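Data block below; observations after.
We just call them A, B, C, D and E in the order they show up, numbering each chain from 1.
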Amino acid sequence: MLLVLVRRVGNMVPTLAAVIALIFVLFSVIPGSFMSGLGDDGRTMDPAVMERMRKEMGLDQPLLERFVKYAGATVVGDLGTSFRTREPVTKLIAGRLWPSLKLTMAAMLVAMAVGIPLGFVAALRPGSLIDTASMVGAVSGLSLPKFWLGLLLMYFFALQLKWLPSFGYGDGGLTHLILPAIALGVSPLALLARTTRAAVLDVLNADFVRTARSKGMSERRVVTWHVMRNALVLVVTTVGLQFGSLMGQAVVVEKLFSWPGLGSLLVDSVFQRDIPAVQGCILVFVLFFLIINTLVDLAYVAIDPRIRYG
Amino acid sequence: MAEQLLSLDDLAVQFKVGSMLAGGIKTLKAVDGVTLDVKPGECLGLVGESGCGKSTLALAIMGLVLPTRGRIHVGGQQISGDKPPDRMEMARTVQMVFQDPYASLNPRQTVRRTLADPLRLHGVGDKAEVEARVIDLMAKVGLRPEHADRYPHEFSGGQRQRIGIARALILKPKLVICDEPVSALDVSIRAQIINLLLELKDEMGLAYIMISHDLGVVEHVSDRVAVMYLGRIVEQGGWQEIFEDPRHPYTRALIAAIPDPFHRAAATVAGAKAKGEIASALNPPPGCHFNPRCPLKADLCTVETPLLGTVAPGHLAACHFRDRII
Amino acid sequence: MRLGANTWIGGGLFAVALAVAVTAPWIALTDPVMDANLLNAELPPSMEFPFGTDAQGRDIYSRVVYGAQISLTVGVVSQIANSIIGVTLGLTAGYWGGWWDDFVNGLTNVMLAIPSLIFALAIMAILGPGLVSLLIALGLTNWSYSCRIARAQALSLKSQGYVQAARILGYGPFRIMFTQLLPNMLGPIIVIATLGMGGTILAEAALSFLGLGIRPPFPSWGSMLSDARETIAIAPWVSIFPGLAIFLTVLGLNLLGDGLRDIFDPQATTRRA
Amino acid sequence: QQTPQTQTPRKGGTVRMTAPYGGSLTSLDIHTSPRAQDDIAGKILHRTLYNWDSAKGQPALELAKEVAVSGDGMVYTYKLLDNAYFHNGRRMTADDIIWSYTRIMDSTKGFPGARYVRFIKGAVDVEKGAAKEISGLRKIDDFTVEMTLAERVNPGFLFFVGVTAILPKEEVEKGNFNSNPVGLGPFKFVEHVPGSRLVTERWEKFYKPGKPYADKVIVLIMGEAAARDVAFRNKEIDTSILGPVQYVAYMADPVLSKGILEVAEMFTRSMVMNQASIKPFQDKRVRQAINHAIDAELIVKRLAKDKAYRAVSWLPSSSPVFDKTMKPYAFDPEKAKKLLAEAGYPNGFEFEWTTSPNESWGLPIVEAVLPMLNRVGIKAKAKLIETTVLTETAMKGTFEAYIGSNVTGPDSLSTLKCFHSKTPRTACNYTAFNNAEYDKTLDEAGQASDPEKQAELLRKANAILYDEAPVWFFNYNKAVMAYQPWLHGLQANPTELAHQYPEDLWVDERSPVK
Amino acid sequence: MTGARVTGAGGNGPLLKVENLRIALQGDGVTFNAVENVSFEIGRGEAFGLVGESGCGKSITALSVMGLLRRPLSLGGGRIVLDGEEIQDASAAEMRRLRGKRVAMIFQEPMTALNPLSPVGRQIAEMFVLHQGASWREAMDRAEEALRQVRVPSPERRIRDYPHQLSGGMRQRVMIAIALACGPDLLIADEPTTALDVTVQAEIIDLMAELCAAKGTAILMISHDLGLVANMCNRVAVMYAGRIIESQVADAIFATPSHPYTRGLIDSLPRLGERARRGRQRLTEISGVVPSIQAYPAGCRFNPRCPAVTDICRTTVPEATSLPADGIVRCHHHG
């Protein structure tokens, strides 16, 4: 267990290093700057002030020097100072992390709580109405633009039915979370339902399930004792990949629902060219992805003895 | 040595398995010091249990894995760990027939392409000549000309193996390594392929290395036989000596394990049967690798590795008790 | 090979979209850009304007028809780019192994770790909105899956007898990759590409929503839908038709991908229990 | 201007405003951000020396009781309020004014307010690092401060802008001012959930007696118009800035149309033609032809849904010197063709038209105009760029023409300076306009001490611009805000409708909050 | 052999009687008979062998006895009588009670036949929990005992091991332990050693035979290795393309094979010692290929490959002809 952890964390280092370098290079050639972005509603900016801002943000230094400084600071957990708020990016991110996590986890919860059972049921009755309906539903869920879906949800559940608030974070309560979580959760839900179905079908055809049947087990026991865990091994990867990338995928939903997560921060920062904040956000997304996948690996180790002793 | 077509000199192939962080890297000695010769036109049978290194040995001879130690002389070439072979030349000297006729043919190539491409690659430019050689060879392995434009999935297992054999022979090699050529085939087809291989051998003057764990087949086709256990040759000799006067307990166990309804009582020499499981090649037992299963095991066997010793001219066995006859 | 209902329906939907894109100049009623006539702004569907008109008074039907060109170009071209990158890297990495494999693996991990929408967003911000930028942004960011598949396939095919045989016959590495490996891994790659196309069309819509899509000269479905989002209550037809176009096309691609997967998946074709 | 205020204001309740320009507030240290979005919060938490008085259409003293102006109009002596308290309880004094303005000139920090403070004598020295103190600012006593200008301007136009707010030194120097802003505004800071909302509560020691009314003002940050629409209809917010699409929808709705506040904002939308980069634009006739070729009236009506006023010239109709007798360019394609032919372009010409995606002054407009230009033979090609990049493009001059929005008020003189040939492109002369008569007129206006005379000259300059047509005059923005029926006290602020003085706002008992 | 044990129930008829078994294979719109007209009997304690080439229907015959056929395969007709009781139409619940307890099965691939995520001890113990209502603790103790019986060294440690930690031979021993856990009357062994090495194979076969003899369990041994089956079974049936074409006492089938296919099989393979005795002879070939299920020839299914084929073989299915000692053969040209 510890070994796997060490190995995974070890593997994260080069990935992170590459990501840091990549995003730095990417955003060093971006057109427009924070200063020119300030004039976006027709208010012109004073050239002298802009020059001073450039200096203050260190943008007048050569690229390489900036990179070395940035990389060095990142290693010790300093993500630089936001152009916009002139506060440490870490602080900016810290404020957004919990809403982001909350949304991501809620969406994943929706996806798992609905998708996995749905896939299971579908696989146990292949070709049945339930199977067909849930799989058609799943593919449809994957085929809708997220913002459109979110908008439709908003109109329906908030405006028409008045069940739920339409936007925002509220006081951090549950009601505000539901709609964005559903909008975000639909595509992992669909993927999970499909993966689960395929995995269960796969396992149901495995030799050891035939062995279990030949032992005289009832179908229910076969499923609960032998199929579930084995199917889970296959599903866990999808859960991990989906979960890991969900925080980044949340951008659109966060923007639509005015959710104060990292996604909104990222988009705002991109449009205002607050490059340190952008880099910080991406780094957090990547880190989240890597951490989730490490956890998934650990989960594997817990579920699958072949890896534990392999 | 000049008259040898192939000679292996203390050949060893090791694989690194595992990773630095997960339990450390281990060395797997797939082939561990094999010395062998094959003369032109000769058939060497190679037997041994699964995982003992037969295929690895074959791949090393083909130059597909480089030896960790030792040398291979084949045709005019010498291969060693730091000297990879000239593939083109190699291809015209040694070829291979694979075990699984389903996996060994490219599903997206017709028979004609499978056979003609290598010819073109090796400089036979003339269209008519390529065509003639392809059709000729197809006839030799028992395929009709109209088969040429079919894809592998349109053939039965036996026919596919014929295609595989044709591919091995298209460059007119001198040595063909047959890695379990019939074990994946239907029982009623095997005789066809074995007969075909023997006919081709005579007709084209081929030398074979026949890898198999079916002792019946090995006895039937081989001139000489080598028995492998966990990467090492444990016994080697003419086919008659090996089957009638086996000196290594492992060879005896192999023979004893063959169910033979005609000689049930005779062959089942109770004492010859091996017990227990084959050790893993990753951590073989010290001394003689066979010692945990050996009915003749003595203290010496766990300490000292027996070397191949001469029993009779041309008959070698690696057992401390090779002279003890039971 | 038996084609399932998936393949038929999905292939059909996709074929319709393709046909519309190809025949756009003939089946469109008006020019999607130059025939803006503010006197006709936001008319509901009628005989003259089958899908109604948008805020600039352009015929939505014609715009949806031309939009197919852009959306499918985006989907197909960028996915082809992804497949080429992914397959090239994955195939060579799987076949050669060694440091190159490690390198490609690392690169794939990086690509996988950065959410592709975010990556595309960044590239769009750098290159500025536009079709070419979009093709680059979406064509460079989504190859990790095809790369992984290609690599895995190369690894497993490499030990197949016919690849060994090719090496033994003296085939060079490129010849082996091209004639032996590539044709045999095309199935899963096509599946991934098909599913990816749907994803790409959706990604284009998402980027449009975020304000970094493509616009002039021709409309894409994503930008039409994104532009119409405010009128969803008052002029629903402006968003419904591009929305349906996206939905049906992506649905078609997803179904087609599923169907192809059923065909190409060896598990589905081995019948022995 | 708003609902008749027959009722007496109610105390208590919560006002829920929206910040519609993006997904977040940039900074609560209002000195650092010139964005309209941030000044929404700025008006709640902070105060400036002047305020914009929408009723009178001019700046009014806010933090001073009275001001004495010297004869030459260069020295202003302010008698400050003695009952203005910062939210930390400390009373504001002259030192706070001086410190705040000095901070803005800090040469190591890019405070956008520097462009306003620079008009005070000696400020430039501080900016250059040559001096520590602004020589033009002098404390007479705790509540009297003297300001000497470097140039003849009306300081009211300078010091009502949010970036010149008066901040308490001791709080700013604590270092976490952004997350703990302390100001002079009617409401004090409670909580800021970045990207979501800002919560403030009544500041009991606010200097206007009886105000503010509401207990709480919440700013909900909602950049997405479609979502704002749903939220407003769902009664989750009290105000919403409307775009053209929703303007029409709300106007058509019998209930919603009752709560609509409109104002002619001081923004002029235009297509800027770069005379430096494309030859045809150097010819006045071509520029006039373009103004004739485009049916701006129709666009305003149909596309902008009447949520704009047809532009005549550069100065907006809400400008004090606006000449009501001027008529906009007539839509006359024939005349346009004739002018083009005279200029030597009978077959038209081609140019690339840079635009942002903005719905009111961006791509949708361009898309509607392209066919019109095409009809007179001018082939324009749209090039979309991000809004963020637009300013940079304009400043660098790397465009042939672009469509954009410019602040054209409230100070008409400085607005018109943008076309002065001495004004560099980086400041705001994006067209590279150069006209000797115009320069002369404007210079005279700057020197004029008589306001009437000055207004006359400014009108003349504006008329020159009309004739020269350095841009295609499109429209002046009509800002529209929807508000819930229980919200009162909004003012139609032409400098930015979203900027409301929250001490005047109150909600009656119909408000769904509490 | 006369290891037959007389148990109370069902009297003294054969333990298993399969009559005219037909197994239908649902294809795309067409139904094939994967197995047809298969009949055989197994006495108590008897070892019965079923031999045939790959795909001839051995495994599905065994599965149909277990009631484990799954789509697209289904029982098309015939009777399966276990201990006097017809079970071909038994309900799922009834079959479940039989499986494991009275009829047990070992599969070909020991690698995949065990649940990779469950310790092997648990997988054995499951049998006691399922069929004998034992508690898990007690069941685990008995699992250890069962492992000891199949001669797994240090079973007390091994019960906690996972399948991947065991070698192929060990796994197959575990399978045997599972199968024999509840002392079934019949053990169906479907190619139990094909995946194993020769020396290990011999050991496993011996172990199986020995344990079954001790418990009086009858064996249905399935293999394509005629030698192996003949060695261990009392009687042998040879299948070809879904039909039993010959069935005889084991010794007799080698000595006097009656069907041309059986004869061909015996002659076609090189036998150990043969070359030493008679020198290298060309092997007798059976020409042609095994027909695929979609294209079974009419009449005798061996006819395209039969050296003695005549017209009747191509049109008429041969009836069973009796041979001495309860043997039968299906060939027009026999006798």
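Everything that follows uses one rule, which is that a residue touches a chain if its C-beta (ideal position, glycine included) is under 8 Å from a C-beta of that chain, and two chains touch if they have at least 3 such contacts.
What you are looking at is a predicted structure, and each value in this text was computed from that prediction instead of being measured.
Counted as hops between touching chains, the shortest connection from chain D to chain E is 2.
Ranked by separation of Cα centres from chain C, the top chain is E.
Chain pair with the most C-beta contact pairs: A-D.
In terms of their C-alpha centroids, the spacing between chain C and chain D amounts to 43 Å.
Remark: chain A and chain D have CA centroids separated by 39 Å (rounded to whole angstrom).
Inter-chain spacing, taken between the CA centroids of chain A and chain B, is 53 Å. Chain contacts: chain D has residues 226, 386, 389 touching two or more partner chains.
In chain A, the residues that touch at least two other chains are 31, 151, 155, 210, 255-256, 267, 271, 310.
Every residue of chain A that touches chain C in the complex is listed here, in rising order: 11, 14-15, 18-19, 22-23, 26-27, 29-31, 139-140, 142-148, 151-152, 155, 202, 205, 210, 241, 244-245, 247-249, 251-252, 255-256, 266-267, 270-271, 278, 282, 285-286, 289-290. Chain E contributes residues 53-54, 167, 169-170, 197-203, 205, 224-228, 230-232, 250-251, 254, 261, 264-265, 268-276, 280, 282-287, 289-290, 305 to its touches with chain B in the complex. Interface of chain A with chain E (complex): residues 206-208, 210-219, 221, 225-226, 229-230, 233, 303-306, 309-310. By the touch criterion given at the top, residues 59, 62, 64, 87-88, 90-91, 94-96, 98-100, 103-109, 117-118, 121-122, 164, 167-168, 171 of chain B touch chain C in their complex. Within the complex formed with chain B, the residues of chain C that make contact are 160-162, 164-171, 175, 179-180, 183-184.
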